[in-house]
Amino acid sequence: MGQASGLDKLKEECGVIGIYGDTEAANLAYLGLHALQHRGQEGAGIVSNQGGEFRSFRGLGLVNDVFRPQDLEGLVGNMAIGHVRYSTTGESSIRNVQPLSASYRYGKVAVAHNGNLVNAASLKDRLEERGSIFNTSSDTEAILHLIATSKQTTFVNRLVDALSQVRGAYSLVLLTEDALIAVRDPMGIRPLVMGECGDATIFASESCALDLLGGDYLREVHPGEMIIVDRTGRTSLHPFPAEERKACVFEHVYFSKPSSITFGEAVYTRRFDMGRALAREYPVDADWVFAVPDSGTAAALGYSTEAGIPFQQGLLRSHYVGRTFIEPSQKIRDFGVKLKLSPVRSLIKGQRVVVVDDSLVRGTTSKKIVRMLRQAGAAEIHMRICSPPIVASCFYGVDTPTREELIAHTKTPEEICAHMEADSLGYLSIDAMHATMGAPREAYCDACFTGRYPIAVEDHVDQDQLDLFSEPSEDTEARE
Amino acid sequence: MGQASGLDKLKEECGVIGIYGDTEAANLAYLGLHALQHRGQEGAGIVSNQGGEFRSFRGLGLVNDVFRPQDLEGLVGNMAIGHVRYSTTGESSIRNVQPLSASYRYGKVAVAHNGNLVNAASLKDRLEERGSIFNTSSDTEAILHLIATSKQTTFVNRLVDALSQVRGAYSLVLLTEDALIAVRDPMGIRPLVMGECGDATIFASESCALDLLGGDYLREVHPGEMIIVDRTGRTSLHPFPAEERKACVFEHVYFSKPSSITFGEAVYTRRFDMGRALAREYPVDADWVFAVPDSGTAAALGYSTEAGIPFQQGLLRSHYVGRTFIEPSQKIRDFGVKLKLSPVRSLIKGQRVVVVDDSLVRGTTSKKIVRMLRQAGAAEIHMRICSPPIVASCFYGVDTPTREELIAHTKTPEEICAHMEADSLGYLSIDAMHATMGAPREAYCDACFTGRYPIAVEDHVDQDQLDLFSEPSEDTEARE
Amino acid sequence: MGQASGLDKLKEECGVIGIYGDTEAANLAYLGLHALQHRGQEGAGIVSNQGGEFRSFRGLGLVNDVFRPQDLEGLVGNMAIGHVRYSTTGESSIRNVQPLSASYRYGKVAVAHNGNLVNAASLKDRLEERGSIFNTSSDTEAILHLIATSKQTTFVNRLVDALSQVRGAYSLVLLTEDALIAVRDPMGIRPLVMGECGDATIFASESCALDLLGGDYLREVHPGEMIIVDRTGRTSLHPFPAEERKACVFEHVYFSKPSSITFGEAVYTRRFDMGRALAREYPVDADWVFAVPDSGTAAALGYSTEAGIPFQQGLLRSHYVGRTFIEPSQKIRDFGVKLKLSPVRSLIKGQRVVVVDDSLVRGTTSKKIVRMLRQAGAAEIHMRICSPPIVASCFYGVDTPTREELIAHTKTPEEICAHMEADSLGYLSIDAMHATMGAPREAYCDACFTGRYPIAVEDHVDQDQLDLFSEPSEDTEARE
Amino acid sequence: MGQASGLDKLKEECGVIGIYGDTEAANLAYLGLHALQHRGQEGAGIVSNQGGEFRSFRGLGLVNDVFRPQDLEGLVGNMAIGHVRYSTTGESSIRNVQPLSASYRYGKVAVAHNGNLVNAASLKDRLEERGSIFNTSSDTEAILHLIATSKQTTFVNRLVDALSQVRGAYSLVLLTEDALIAVRDPMGIRPLVMGECGDATIFASESCALDLLGGDYLREVHPGEMIIVDRTGRTSLHPFPAEERKACVFEHVYFSKPSSITFGEAVYTRRFDMGRALAREYPVDADWVFAVPDSGTAAALGYSTEAGIPFQQGLLRSHYVGRTFIEPSQKIRDFGVKLKLSPVRSLIKGQRVVVVDDSLVRGTTSKKIVRMLRQAGAAEIHMRICSPPIVASCFYGVDTPTREELIAHTKTPEEICAHMEADSLGYLSIDAMHATMGAPREAYCDACFTGRYPIAVEDHVDQDQLDLFSEPSEDTEARE
């Protein structure tokens, strides 16, 4: 989420942005990517279009580090798309940094993708049969090949043709030689919003990007909708058969920035309400409510309000944790978590504390937090997790560990509580979670909490989702 | 403070650390500097001592960026001192990065200094008369020259001789060929604490460094106390005539990390209590209390508690703001503050909000925050500043702007409220501030709020404190 | 050539190397590329193969700068191919740095190419018709697509199928999952040699790479020959119809390192003999013979020997000229050439000097050399060019300027002599050049001196060879 | 020398340059340092002076790498001094990079020094007695302290006072707030020349710097002469008692660039003549004369001329050898020398070759060259060294290895010949060397060949010259 605790969280694969109609399109994309940085920190890229000429710059790392002023200056044009990403393979390779761009029979096209295709392997097989060469390990490349090999005569038809062959989650922004196109899969699994900023049309994974740009939020791109923006204005198409919406509920639990409007609902409010529900389900007599900052804060405030127990900032988050910290060779106990979180001892000593976190993946950090609080003198430590137990992997665009690594897949809540040596542990129930949402339960994908996948996953994916796409080579290009 | 909002704050010049008795002394110093990073982000350095051989590494930037593993590996020895700093001159020069080290008649010495000398100019004149050459623009170098030219026969006596000639604020850690020495000026203006970690003795500007290292807080180094740690153990001396303590009250208002024990008092508690007092002095009917994160959070929670108005996380702080952000050429209104803070619109629209900040220096950021909240639809915006107006510059180690730049020096609170277009503005009174402190008012320096300086400042310093020390040359050394 | 004067020379596009059968294959490739560095200084890359797993590292710049120890360590396997290149487009893009690698229906393949295809544009059109996507602006990519779309059932047959469709110059090394393959176009335009080093088989553009590796030179890869090295040993095929050899004569004039055996002949000897011939064709009464170092040295020594005029080192070459030298804003006359060459005034003053250079492209540097010698007091300056006038562009792999920029295309030798203000100018005749070669004139391509192209060049290539392949986007990836 | 073979040579400590009277003074200094790069490759720096304001930039590495355009732009002013250096201690430290600059009682001063003081240790002792602090391990700093502590009332008198206390070799350029001063020790051990470029006065270690700048060589700064350049013009003083000139003969053997006029004599001519003398002293029947390029080339041409044996370029020097080359883990025999030199096999096979080098220090490279030539098939290899055996260390500014490492100190020529497995070895005799010089033998320091030191060396220096000055700490500052 926007306040990523950087601790033990699931990682989403990416955020996308598209701008049409501003001579500083790439600059706006750059700033928008900054606002979406919490959705991907491994790489970033922008492709701009000036009169049909594409320019691109991509790199590994944070938006801030990837782009230098001279790089942005080169990205001229009044249209641009951008992307931030997590790597889905073990090693980050600049080849996989999006947007991907290609030249094919009818011209140029660039694409930025949030989501994950579940039939990418069979698509790849089929395309390679025909002689296509794959240059990345990204499933997104299959979409480009499908466009390039389509027999349709207009770009939009080729794109529809291509997407009608893919299954899975996708929120896409595409750049053609004369248009910006946004499209969302028929189930609307991943978010995508539309806004305006002056004369420009903006698409972004989350509305917080519009806030930074000083733009206005218009609405979601609807599930299954394709919006084409070109000289003639905005055209909305619904080229795919309607399906039931399956919005990712985890966006509200953790991914989306609390200041965003996601799937039409205010994220902060959803989390605060989930915190209240958690307090009703798992009340406890205590002195303070703490959050695991920053992602647990809204839920902790909800818990505090409902429980009538004062909220305090008992765990401080460090603002200076870089990527590569040199560890002492004589290990300091729980060193990693101490670098990121500082306990306020004067609040903790002798007190009974409730610690609210948004979700629990592997459980390793929580265990360290409990120990750190215990060392600081806490009398009782009550862990409250503001989501149901995560029991299944995601195949629609979230970089989940394998099922075996999920603590709730292998342990009961009681065992987890014992494992982390907390005095009590409470998870929000699945019913309570859904009760706080603005749409009926059927409108959400909650596969990570239930194992009920709205789109069938191909067998071999289940075996080992990460090796699906072996790269042509593990390529790490050097700096210029 | 430890949760620096990075917005419109005073900047302290530095933090220091010293380690004696651990074979990984430099590694511990490195981690300790990380915990003290909020006290200085312009440069960092460490000097280690192995059997009388000094090794040093210094650089411009964050601790994390300055040191690579190979740099730390070179810093062998069981004693080390470290320093993080703000630049006091316009340009950062690696020459001024501490610790300073020198070779003189009786051997080697290294020093790290938190504070500022008020008679540095006249000392420099006097030393240059005798033929001393100055290599830095730092007042700390004068201390080294005074040691080198002292006629005393032991290092401790030379140090006492040197310090008896300086006036101002200093918390020092020094490394000699066989000892680590910590010393604090007789008024104890800047903090310095002592702790233990295994067999090692640790001195640090704040106790939060001990928390990270897994060490135990023992006590403050007392005002005027000199502690020598060597093979024979720890020796405490009080070589200077006693003076009234004048601890910097601003450490509790802003500088120190909320998790630290500074001047013997828990910083978080002081801020929470100041927030409560502020609510009593400036109550208002409102829907929410917001903090300017993170430095205003403890005070905002105090205000919320006392006022009975719910605290909400209405302003989110970005975790990805680097040093050099590329601005769009077509200016986005209030761009800078939007990069750092995101408003949660769903909480703001139509609501009456109290915004608590710890202090107000130039007032530029607050004005932007008010405007941003107004754009997000706030019905009323009540600014609450959890300290008295800052009306005077600091000459004891805080990088204050000139008096003319301090908004409270040139404007009344009413004018400031009008300037920032808030619906109301309240400053904590000086009496209320002192009432929350653990010691009587006379035990604190509050010159920035009152203009009453405990140590007379030399005339020409007042004129232009920053040009006091002109460097021999504006030297910026290149990388290796 | 190996001693590139770095002045006003034609630039060849690349050098290639391939290693089979050494556990340090990538290390050997790295060293071999270093020996071939004079063939391309814009970028370098290596792909290694361990049991069918490809690893690749590529970057812009010199071999020395591209690879760090950790990069090489990652390139495990007992087979590797490598490439050094000049950029053929104005901007260097890491996308175009070879070896190119790809994943297709039947597995993985990587290729490094020295040469240039003349029907690349029509191949690209045809391949895009079928739906192929191009990711680079390199003509080499067309070869990969032809392999991927071939209906043949073995790799060798697919490769033969692919190459039978291309026209132009190519010396290729390819890596498949289990073999290293070297192949040279039927005319043998660009060089490629085979050697051994212990148990390893090595292919390289020039034999100087074998010298550095301590290997033995075996023979040329013959024109039109394909050599497959795999577990079963070395297999030689001649899959293409025989054509007359057309070895690039410019390899002997300038490109190849004087220590190499190219097209079966010792390069140093050819140049020395051309210098002798030049002395016979253009004798002059003078005091000294100078070379434009280092590429003119062998020819100058030949001239000196034949003419009986002593050779002296009158122009010294600087060893410290980096890529980006900061020019003074007040221009020093002939600054660029002075940075690279220093005149030995004591040899020049009042003397009549012959200056031997290997070839003349634009003539700008020669003009500056004449002026520099004149300023140093030379009494007479006689320029001798050890090749015929360059009057036509190369389309077989040399980065020639357009015809209009070639001084000999627009000016007669007399005009050139006047232009550079020399006292006389002599070019080696085309007959004399061929007379020094080891094979009859028909066995060489001398198109740059005669305009007689052995392979017809497609019309539109002639128009603007550089824009043939527009990239999908001008992509410049950032460093990690 | 200017064409440093980079192989097995003595290293001089530095080159200096000074410019007065050009608004681009720092730019000219930068270019001048480039021309002097062969005199020091470990570090470079420039100090400029604009109206009394000094600006400085220094860094480790080549001139080309140290300065970026923005760095040079900051160095405003119409006076500048610059320095290139070798490190004299094992580790390069930016602290020791010159020019050194300091602020003292009477203002600012900067100095760049070529040479070495032999009483630096006792000066340091004496200065530290008085309380001076040393910040570098450079003997040059003692000069600054002597100036700062002098009781004289004008800068020139303070400088004379300071220099009258030092013993050793020094060619200095100094910058004061209003003047540029050049001074050379009374024996004139190290070179220093004066030139003009437009209105500007230029001092440089060698005249080749003037050639690059397009300036005119005027004359040497005389031994013991001090030249002050300020608003009133140039003033020449001879403040020291006259002593016999002792110019370093090694400048003519190796250090100076062949294109320079050093000590009033053309370096190229001296080397050519020494080569002729060597041919008379050690003739041999052979097919070719080769040089160890580039430093042996002038001597080899002299040898060839006198012996009537043709000179050929049998060893090619690589132009792409960077500082840090990754070695293969499976060692290639004589790898290091092969990276730098390529044998031209076609010239070597079955031939009897004479190889001329300028001097022999440790002898390790020569041994590898012999082996490499043998492997290339040479029938006979005759090594000719164009200087007498080096038997003693230098204490006047050359970074000589200890006496024990000098091959000629421990072995006779016969033993050396056997050691390097050459067919014969001949050294130029000391008498022949002096006979080619322009002044009588007494006017040169030839201590490295004779052990006769013109200035007595203090005892403890002899023991271990490198540890004389222990640094205050081994400081390696990080990049910004």
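Chains here go by letter, A, B, C and D, matching the order in which they are written, and residues are numbered from 1 within each.
Criterion: a residue touches a chain if its C-beta (ideal position, glycine included) is under 8 Å from a C-beta of that chain, and two chains touch if they have at least 3 such contacts.
This one's a predicted model, so the numbers in the text were calculated from it and none came from an experiment.
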Point to revise | Chain whose average C-alpha position is farthest from subunit A's own | key: D
Check your understanding: In whole angstrom, how far does the Cα centroid of subunit A sit from the Cα centroid of subunit C?
Key -> 48
Review point. Centre to centre, by mean C-alpha position, how many angstrom separate subunit A and subunit B?
Key: 37
Check your understanding: subunit B to subunit C: how many Å between their CA centres?
Key -> 60
Study note, to complete from the structure: Where subunit C touches two or more other chains at once, the residues are 67-68
Exercise for review: Provide the full list of chain pairs in touch.
Suggested key: A-B, A-C, B-D, C-D
Review point. Within the complex, which stretch of subunit B touches subunit A?
Key: 2-4, 6, 24, 27-28, 30-31, 34-35, 37-38, 41, 62-65, 67-69, 72, 208, 211-214, 257-259, 261, 266, 268-269, 272, 294, 297-298, 301, 305, 310-313, 316-322, 324-326, 328-330, 332-333, 338-339, 342-347
Revision key, fill the gap. Within the complex, subunit B is touched by subunit D residues 47, 53-61, 66-67, 71, 74, 92, 94, 97, 101-105, 108, 110, 128-135, 144-145, 148-150, 470-480
